[in-house]
Amino acid sequence: MTLLAMRGIDKAFLGVPVLSSVDLTVEPGEVHALVGENGAGKSTLMKILAGVHTADAGTIELGGRAVSFTHPLQAQQAGVASVFQEFNLLPELTVAENVHLGREPRRRGMIDRRAMAERTAAVLADLGVDDLPPQAKVGSLSVAHQQITEIAKALSQGADLICMDEPTAALADAEVELLYGLIGRLRERGVAVLYVSHRLKEIFDLCDRITVLKDGRLVDSVATADITPDDLVAKMVGRRIEAQFPERLPGTEPGEVRLKVAGGGNAWIDGIDLEVRAGEIVGLAGLQGSGRTEIAEAVFGIAPFTRGSLEVDGKPMRITKPRKAIAAGIALVTEDRKAQGLALWQSVRANARMVLDANARVHSRRRLARVSELLAGLDLVARGEDQEVRFLSGGNQQKVVVAKWLAAEPGVIVLDEPTRGIDVGAKHKLYTVIRELAAEGLAVLLIASELIEVIGLADRIVVLHDGRIAGELPAGATEQQVMAYATGRGPE
Amino acid sequence: MRTTRIAAAAAAALGILLATACTTDAPTDEAEDATTEESGDEWFVQADYEEQLAQRDVEPEGDPATPWLQAIEPEWIDTAEFAQEGGDHTVCFSNASISNPWRVTGWITMQQQVAVLQESGQIGEFRHSDAGDDDDQQISDIQAFIDSGDCDAIIISPSTTATLTPAVEAACESGVPVIVFDRGVNTDCAVTFIHPIGGYAFGADAAEFLVDNLEPGSKVLALRILPGVDVLEHRWAAAQEIFADSELEILGDEFTGGDAAEIKNIVTQYLQRGDVDGIWMDAGDGAVAAIEAFEDAGKPYPVMTGEDELSFMRKWKDTGMTALAPVYSNFQWRTPVIAATMILAGEQVPAEWVLPQEPITEAELDQYLEVNADMPSLHYAKFGGEDLPGFPDAWQDR
Amino acid sequence: MTRRPGADRLGTTALIYLALAGVLAAGAVATAIDGGNLFATANLVDMLTRTSLTGFLAIGMTLVILCRSLDLSVGYTAALSSLVAATTMDGQVANIPLAVAAVLLVSGLVGAFNGAVTAYLGVNPFITTLGTGLIIKGYLDTQYKGPAGDVPALFQQFGYTRIGPVPVSALVMLALAAAAVWFLRSTRTGHHMYAVGGDVEVARMSGIRTGRTLMWAHVLCGMTAGVAGLLLAARFGTGSAEAYTNLYELDAIAAVVLGGTLLLGGKGGVAGTVAGVAILAVLDTVFNVMQIDPFAKDVLRGVVIITAVAIYARRQLDRTARRPRFAEGRAS
Amino acid sequence: MTRVRELLVRATNPTATVFVLLVLVFAGVFAMNPGFFEGPSLMAFLKQAAPLVILAAGQYFVIVSGNFDLSVGALVGAQVVIAARLIDGEESRTVPVLIVMALFGIAVGLVNGLITTALKVQSFITTLGMLLVLYGAIRLWTGGAPTGSLSEAFRTPGRLGIENVPVLGQIPWALLIMIAVGAGSVLLMRTRFGRILMAAGDNERAAALSGARVGTARTIAFILSGLSATVAGVLIGGFAGVSAQVGDGLEFTVITAVVLGGVVLGGGRGSVLAAMAGALVIEALFTLFNQMALPSTLRPAVQGAIIIAAVAYAARRRTRPVPTTATATPTPS
């Protein structure tokens, strides 16, 4: 019997339709991918299923019974659990408290903390996780462990259907393996998984069926076996992306060294020797927590180097805060655009000129005048420059962040996970932009969890392990070579 | 879903209104006992009103040169039971607050009087606590004095009449002589209760002045500080009583919080709507701002009553307007400490020590302004401390 | 890689009690130099008495602040409650249970109104409760021209009786505090307050009825303000509208924050609040014993509150730092 | 179709709400007393409203950057008392004392700002503490009641104006100062400083990573609030002279005014013009109560109800779920 049947789902926000007449069916034990560009309506559909939003029209049947959710609790009680893109955890509470949040076990009306801990331990054991104590405070955990806590939370609800929105967005490849294992186990137990992801590899590795949405409408629902990745991309974007990564632009040759770190280190990284030349794209690879982001933060002065030396364009610098980095011509596109990159309630224009406004040393009328041009050059889709950025899709928001940094005309740009959680079209645009920047003579330091990105774009790949540089690989290296260094095994 | 939420919120709001309304349907005691007039004002007690009006014409006993020792129709009581050997008595004073200039002036006077009595050895330690107008705080303050067991006499200037009653009773029960002044309490357990004639007399002095000095049909605006404070409510109740029998038209009564800017706003707005011939105030704070409102609007000065606060009296002198400064005798702050030493010496004191309370008229204006020429503008003319050794510095350098 | 369970919360609370001990010690030294004895029975009684009123208000305030809300109307609610209590009792012992019930109902409804407007109409609690306070003020000023009602002697015992040096009202306050600690730890609604204050979206996604939780916090806050009103009535022997002029709400917020509860919600607890209340009471008593000018008291209070919160904030910063992997060397 | 919807959205957005409210209240005043809109009485209204409007501008900077300033009422009171005590009736001291007051206002703002930004104390607590300190310290200094008196020159800006103007009668200096402060504030919000302040209130981290001196910007906001309290103090003191109660409770009135203007507590949203309009609404409301001869005691209740209703109305749009998708159709590529 069909587990879930959503039919004719409509949803509009402020009169703007986001979903029109969408159907979705999921069978028990099936891993079902929901794909589409950002703004296609995947997240909205999932949130309707989770009881976060209510559909304007349409029916939802679970196990053959019509349901209607106005609150996440009702969805949970009906057997639908959700793991959202943003972590839904409270850092001040323990793992056990988070796993049972909203459904605390009670004895004689009172919360039974012992049962809570025992059940959490049981769920974690079930998932094959043995290094996560239920009494640990979530705020002190690694990202991977937080993700596991999220999944344990969904599982402990005894759900028949678990929705996962970009569950691997924050995970390094090794941790993704762990997730594959978990999903396999769920499938064996007859639990269905609705899997939202932008990563085609995962979809083809994991999923039995794929439903494609585009502009709020259902495009197709097919068995994975019946479709190729290229065809799938074509269905998502409505056009075929010929090559996933654009070729290096003609005439791009490594020039002078623009960024040089020698023996750099602080509390989280050590012995960092790094050179990025004008026109060069250097990839930083490594597992989550290997020190990739920490290098970016050190170069940009957020958590500065306390050892070693740093040179920009041949001049020694002491960069102790972002202002100094910006003055030295360094830009950093941060990992988390909502928390660190954008003032969401401000207009596109206000965000795009933020770096110019904030730094007298890079501010100029000429640069201000170029902002509109930059935004247009990035193919920004917005109602206008007055539109508040919170109304934009993830990809367009990221374009605003990039524009904000390019406005300052930096010599060195550090991109930390620039394509995280954005749609294929926007991703491709960003790849092109990165190539163009290199061609213009910028030094590019690219950090990405998806190895394929680093391999596809970088001229050199520096691999980190445990806060140190484990090795360096030339362009054209294989994933296996990178992973060998990243896992600390040395060269293959 | 949205509408149900709003409805729920509205229902909650309605519930509160209903519930609060229900609980007050029963008339309170005070309302029943007190109201004898048609006015329906629960603050008006006819007997007290008549007594105070009569007391204005009674010649007080004692030397007119020391009005703080005078008493109107005193009923002397024996205090031998409280007599103590020797001097250096510890006197404790629980003050409601010094949150307005009238109380600040009085508090300086009291401290100067204490210094004299300490010099003479009658008072040793003088402890005081200030409740910052918080009734609950003052109850704690009084309890702390009782519990310490160190006080030979306790002086209390209650913050609110009704609410301090239990605490004052507790002080009486501790066996220490208790002296209450300024506002009263609803018990006569204190050895003596010191106060000027009272709020009715103040309000009536002012209202009678307006009735006498304004043509029938003139328009009067009443400016009040706060609702709910008995000494102020009595003033307004008496004024209403007198205005009711007159042919003056009362434009309105407004609460100003004693804030000059608020007073000026309100008076200005009334002047925009029409003429105002007279101003009645329940206290002098901000009186000058009211006068300025007339100046700025280009209107003739009103007939006005303020208080014996110097800024008002100086403005009155400068403008030559028709005015009266009713007085709530500030010199009463001297009396309690003197009474304490009298009681501890076993001397007789009046059970209710009613001090004289005479308004300052135009005839006396120059005399008081001259005496207080060097005093700050928020000083009170009848502070009665001219003979104390700290004069005038203590009141000038605050 | 993980810290001991609960070490955090305990640590903060322990710090507050340490601060309380420090304030007591400093106060004792200061009064001793001044020739007094802070630990004389009279002074102890005084301290304990002063804790009760702020204590009741601060317990309820802790709940709303934990939910990242605020209640600026508690002073008005307490004044209203004192009048409801005194007028309902009307001098009759038999009316006491009815009066207590009426007070809890009225104050609970005020809280429900605050909660409903804040949770369901999306009004900032600062504005909601400021507005509610104004509404109650208008009602009180219009309806009551001064103290009203009569509290029978039996009920006045609530405000005046002591067991040894400990006032009954302080005992009731401590019992209520204990109940609140239990409530926050052992009931779902209480536990969920941490979640709602920590991150309301996360709480909602986790199936917590956030609006209802916030409502409960406000209702309970209203009701503790009602209990404070009962205490006022017991101590005054009557109901007093004027009680709202004393800015009790700011005292209560200061006590909560002194007690280590984050004004942004999600962290803290009633145990700390009790210590915060005690710190304020000790200060008051010390100032009184030392005969400090009332205006200097305000200055000192302001300084103490800012200093304490600055110290907590410093600890908070240290705590959020990532654990280092490499030893720090000299700067480049 | 889209135009109509856009117009509707504009009319119901929180910033526009305050102007609608202003028109409604003025209409009410007009219905009660058509004479109100004659020159002189309108000028008198604006003169009396000017201090609150100026305070609202100052408070706006603090609120939009993500903080509160509860100390402004106490600061206004302190400034008036300082002026009276230091001038003590001497005309020649007016200008030096005005400079002292400006420095004092800056100092208070600076302390508020540094404690909030450098010591990371919540501004609610910082400024609550500052309120207590100012209240106590100023009374400690003057022994509880203000002493001294103001000079005529000091009182000029708050009390006088350009006389004998046709139709209007007098154009108060206070009105001109208010317009100047308003224009200055609007311009300031368009400068880089204003944009950074706004961004800091919206997303502190993003602003800081963009190189903004968030702490400095916020501290400057507190200083601007301190200065606005100083100007308001000069106007209030000039308007009505010294009294012990000057400034009491102004902080809550002014925060209410700013919020009525659609500025969101927490920062990053709202315009300074609307905040000042919020202050005008509050003053107009008081005038309306007066015209209606609403019993004094009932006014707080009506005021409270209107504030809650107005803010709930403005908030009702924000409580709806925020669309997470682009609302425009992609351009063909």
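A, B, C and D are the chain letters, set down in written order, and residue numbers restart from 1 in every chain.
Operating definition for what follows: contacts are C-beta pairs under 8 Å (C-beta built on N, C-alpha and C of every residue); 3 or more make two chains touch, one makes a residue touch a chain.
What you see is a predicted model, and the numbers here were worked out from it, not measured in a lab.
Using the contact threshold fixed earlier, the set of chains in contact with both chain B and chain C is D. With contact taken as defined at the outset, chain C and chain D are each touched by A, B. Compared with chain D, the chain whose C-alpha mean position is the greatest distance off is A. Chain A and chain B have Cα centroids lying 71 Å from one another. Averaging Cα coordinates per chain places chain B and chain D 35 Å apart. Averaged Cα coordinates give chain A a centre that lies 43 Å from the centre of chain D. For chain C, residues that reach two or more other chains under the stated contact definition are 117, 121, 139, 141. Touching two or more other chains at once are residues 98, 227 of chain B.
Along chain A, no residue makes contact with two or more other chains.
Of all possible chain pairs, those that touch are A-C, A-D, B-C, B-D, C-D. Of all residues in chain D, only 115, 119-122, 124-126, 128-133, 135-137, 139-140, 144, 252, 255-256, 259, 264-266, 295-305, 307-308, 311-312, 315-316, 318-319 touch chain C in the complex they form.
Contact residues of chain A toward chain C in the complex are 50, 52, 71-73, 75-76, 82, 84, 88-94, 97, 101-104, 106, 109-111, 133, 135-137, 140-142, 153, 264-270, 305-310, 318, 466-467. Listing the residues of chain D that touch chain A in their complex gives 5, 9, 192, 195-196, 198-199, 202-203, 205-213, 268-269, 320-328, 330-331, 333. Of all residues in chain B, only 5-6, 8-9, 12-13, 15-16, 19-20, 23-24, 26, 28-30, 41-43, 97-98, 127-130, 132-137, 139-141, 143-144, 147-149, 160-167, 170, 227-230, 233 touch chain C in the complex they form. Remark: chain C residues 117, 121-124, 126-128, 130-139, 141-142, 250, 253-254, 257, 263-264, 293, 295-303, 305-306, 309-310, 313-314, 316-317 touch chain D in the complex.
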